[in-house]
C-alpha cells in the first residue's frame, strides 16, 4: 500500500522514532481502517439503494463521512477507556485518522465495489500493510542514523531514496501492471 | 542464537618464536655493572627458611614480576594473607615473536622450579601449575608435559590467552599467577643473594639479523640491544612488548630496558595498504574475546555519536588488539575503543572518589 | 634512531579489502570466459563497458563528495563485473550503462558510498534494468548463436527455463544441459557447478561466510520441493528451480556481499534461510521470472534487524547462565 | 559581518520559508502521495496545485474561525471545509482538461486529508495570527506547486517526450511513472534544495571574510604604526 500507492506517507510516518509512538500509530490506523471500511460499505450500500444516479465523485466525498465518524468513535473510546493516555494519544490519533491511508483504503474498496466481508478484509489488510511499512521505515531510520550520509541527503531525501528502493522491490513483486 | 557461546573467541596467530626460542640465552649487560648483594642470611636450604624470610628476601632483592610490573613481595604477601591454594607459573607467551618466559623456563628449569617451591612455601599453597601456550606448532624444542613433578598445563591456542588462564584451567579464586622470570630471580636471590639487575628480553622482528633471548642488564637502551643482535634493515617501527599490545618507541636512544620489558621487536612493513573504509565484513565481531561489537563501537566513536551510544559495554575492552589485527580495512579499531574505554573508567573512578 | 609512533597492534592480518575484492573479481572472470565460448566477444565488450562505467561513476561521485578516491578500492569494479552477468548477452549497451550509473549514483553513493550502502549496488542496478526494460532483459539468445558486436536486432531470442517454470509449463531442456548451463539464460547463469566451485574457493579464502549461501540454497531447494510450480516430480522441480536462471549465482555473489549482510553467525543463517524462501516467493508470485535481485534488495533492508535480534538473544542466554569467568589478578 | 545584508537574507529566507527553505514536500515530507502518484504530467501538476490551493484556503479559514473549540473537533471541521474546497476546485479543474479526472482518479477528493492542511490549518493556526498562518500556508502551497510542477514536467518529458501536451523530443521511458521513480526523483530534488540553501548561507557567511589583500594591508598598517 505505502510503497505501491505512496498513501499515508506523512511527516508523522517518516518521523516515527520511538517504538511506543509506532505502536500507538499502527494500532489507531488499524482501528480506523477496520471501522471505516465497514461504515464505508454501509454508505455505499445506501447510495446503491436510494440514489444510484450519484456520480462517483459524490460517492467518494460522502465516504469521507465514514472517516469522520470512525475518528470520533475512536477518540471517544480512548477518552473513556484510558483517559490518562489521552494527551499522548490525541496528536498521533488524529494524524492516523486523517492520513490518506484510511481514506485511500475506503476509496480503493469503493472503486473495486467490494462487498462487506471483502471490504472489511481489505481494510484490515491495508492497516496491517501500513503497520509493516512503518516498521520498515523505523528500522530504516535506525540504520540511516549511523551511516555517514552525504550532507545534502541528510534527513528526508535519504528516507525518500530508501522508500524508493523498497518500492522498486515491491514493483518487482507486483510486476508489469502498474498500480495507480 | 549464538552458535558457540562458551567457546573462547580470538585469532590463531602465526607464532614466529623460532629461532629465538631454540637458541641458548646469552648474557648481555654493561661491563661496568657489578653484581649487588643483599645483606640477609641466604643460601640456607628452603626447608629451614621461614616464609617471612623468603618474602623479605624478595623485597630486598627488588624483584619485579614481569607480567604486571608489580613487586613480587607484595604479590606474595597478599597471596599469603589470602591463604591461596594454588600457584600458577605463567610461561605463557601468547603473542608472536615473544618467548622471554618460555625460553628461560626451558633453559633454566632448575632455578625456576626452586623459585616456584620458594613461592609456594612463602604463600602456603599446595597445588601448582606451569602454564604454557598450546599453539606452538612451529617451535623446534618440545615442551615436556611434566617438569620435575610440576604439571605443565597448555592454554588454548587462540590469542588472547593471557587474560583467560583462570577460565581455561577452571580455577576459582583465590590463586596467584607468577611470572617465570621473577621466580628465577627469587631463587637466585635465595641462593646467592643477588639483587635483580637484569631481565629476560626477546629480540626479534623482521629487521633483526639473528633473533635471540637475551638476559639484558636493566637500564641499557634499545640501540645497544638491537645492535647486539644485529639489524638487517633499518626498521620503520621498534616495539617494546609484544607485537599485539606493545608500545612503539619514538627514540631508541632514550628508551631503556625495564624489568617489565619482555621483548624488543623491530619491524619494517609497507604502509601503503591502508586507508580503507569499513566494509562491514563482521570479522571483528566474531573474534572479539570480550564479545563486544567493535564495528558498531568504532562507527559510533568515529562519527562522534556518543550521545546515542547504545549499551555496547566498551568498558569491558581488554585492549588486546584482536579486532584491529583481523580487520581487512586496517582500521584502528582497538586504539579508538580502548581510548574511549579508558575515559569511561576514569569517569567511573571520579564518580567513586566524589560521591557528592 | 628516531621513529614515528604507531598504534598497536603492530602486525596485521594478510587479508585486506583489496585481496577480498580481488578474490571476487577472480571468481567472476571464469563466467566471462564461459560467456565468450557461448556468445562470442560481445560479452567481453559488455564487461569492459560496465566495469569502466562503474569505476568512472565511483570516481566522479567521490570527487563530488569531496572524498579522496582510494585507487585500491575495487568494489566498484566488482559491481561492474556483476551487472552484465545477470543480463542476457544480447542486452543493448545503453541498458548496461544506465544500470551501472543507477547502481553507483543512486544505490551506492547517496547512502554514503563503499561500506555504508544499505542495498547491494549490483542488485539495485539490475532490478532497475528489469523494472524498466523487462522485454529486453528476459529475451535470451540461443547458445552458440553468433551475436554481432553492434546492433542485436536480427538475433533470434528465446525464453529461458525460468520463464517456462514461471508459466507453469514443463521445461523442455534436458537436465544434463541445464546442469552444464547449456540452456539460454543470463550470461552468468552458466553452470551451477562453476558457481559452486567459486563459492568453495571464496569460502576457503574466508571472503564469503559459507553458512549464508548454504542456508539460502537449502531454503530455496526446500521451497521448490514442497511447492513445485510445474507438474514435474518434486526432485525434478528442485533441480530445475535451482539450475534455472541466476538463482544460485545471485545467492552466492549478490546475497553474500559483506557490506549488506548481517555480521553474526546465527544472523547469517537466518538471513540465508529467509532469503531462500523469499526468492521462491518472488519467483512464484512475482511479476518477473527472475526474483533474486528483488529478494536480495528486500533482505538488505532488514539485515541489521537480524543482527539486533541475535545479539539480544545471545545477551539473554548469557544472562541466564552467568558463570564466574573473571580471571584473578589478585 | 554586515548585519544589514544578513538580516535581509534572513527576511528573504523567512518569506520563502516552505518554498526553498523548508520545502513542504521535499524536506517536510508533506503531501507526498499526490506528487508521487499523480504528478506524471504538467497538467496534472497544475490541477493538483489548484485543488491544493482551494483545500488549503478553506482548511486554514476553518482553522482560523474555529480556534476556540477543542483540537480534536477542529480536525473534523478543517477537513470538512477542505473537502468543500476540493469540491469547488473540481469546477475549475475540469476547464483545464476534461479527461484529467481519469488520470487523477480518487486522489482529488483525497486532497481534503492531505497533511499540509492538517499541519497548517490545525497546528499553526493555534498560536499565530490569522495573517501569518495564511501566509505560511500559502508559501507551503507554493512550495508544493513548485515541486509538483517540476516533478510533473520531468516525468512527462521522460514518459512521452511532451511538455504540456506539445512535443519536445521523442523518447519514451515507460518506467518514468512508476512509484519508485517518483520517490528517487523526489529524493534527488530534496538533496538539491538542501544543497542550494546551504550554499546561500555559506556564501553569505563567507562574503565577509577578509581577503588576503585585506590581511596584507592590515599587516602593513600595523607595521607603519
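When the chains are written out, they are named A, B, C and D in that same order, and each has its own residue count from 1.
Here, a contact is a pair of C-beta atoms (placed from the backbone, for glycine too) under 8 Å apart; a residue touches a chain by one contact, two chains touch by 3 or more.
Note that the structure is predicted; figures quoted are calculated from it, not measured.
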A-C or A-D, whichever has more C-beta pairs in contact: A-D
Based only on mean CA positions, could you tell me how far subunit A sits from subunit C in angstrom? 35
Per the C-alpha means, the centres of subunit A and subunit D lie apart by a whole-Å value of 23
Averaged over CA atoms, how far is the centre of subunit B from the centre of subunit C? Could you give it in whole Å? 45
Between subunit B and subunit D, what is the separation of their C-alpha centroids in Å? 66
For subunit D, give me the residues that contact two or more of the other chains. 178, 180, 184, 187, 191
Contacts with 2+ other chains: residues of subunit C: 106, 110, 116, 131
Enumerate the residues of subunit A that touch no fewer than two other chains. 148, 150, 153, 157-158, 161, 165, 168, 171
Inter-chain touch pairs (all): A-B, A-C, A-D, B-C, C-D
Quick check on the complex: what are the subunit A residues that touch subunit C? 136, 139-140, 142-144, 147-150, 153, 157-158, 161-162, 165-166, 168-169, 171-177
Looking at the complex, which residues from subunit C come into contact with subunit A? 65, 106-107, 109-112, 116, 118-119, 124, 127-128, 130-131, 134, 282, 285-288, 291, 293-294, 297-298, 301-302, 304-305
What residues on subunit D touch subunit C, complex-wise? 173-175, 178, 180, 184, 187, 191
Contact set on subunit C toward subunit B in their complex: 1-13, 15-20, 70, 72-73, 75, 113-116, 258-260, 262-267, 270, 309-311, 313-314, 317-318, 324-330
Interfacial residue positions of subunit B with respect to subunit A in the complex: 296, 299-300, 303, 305, 308
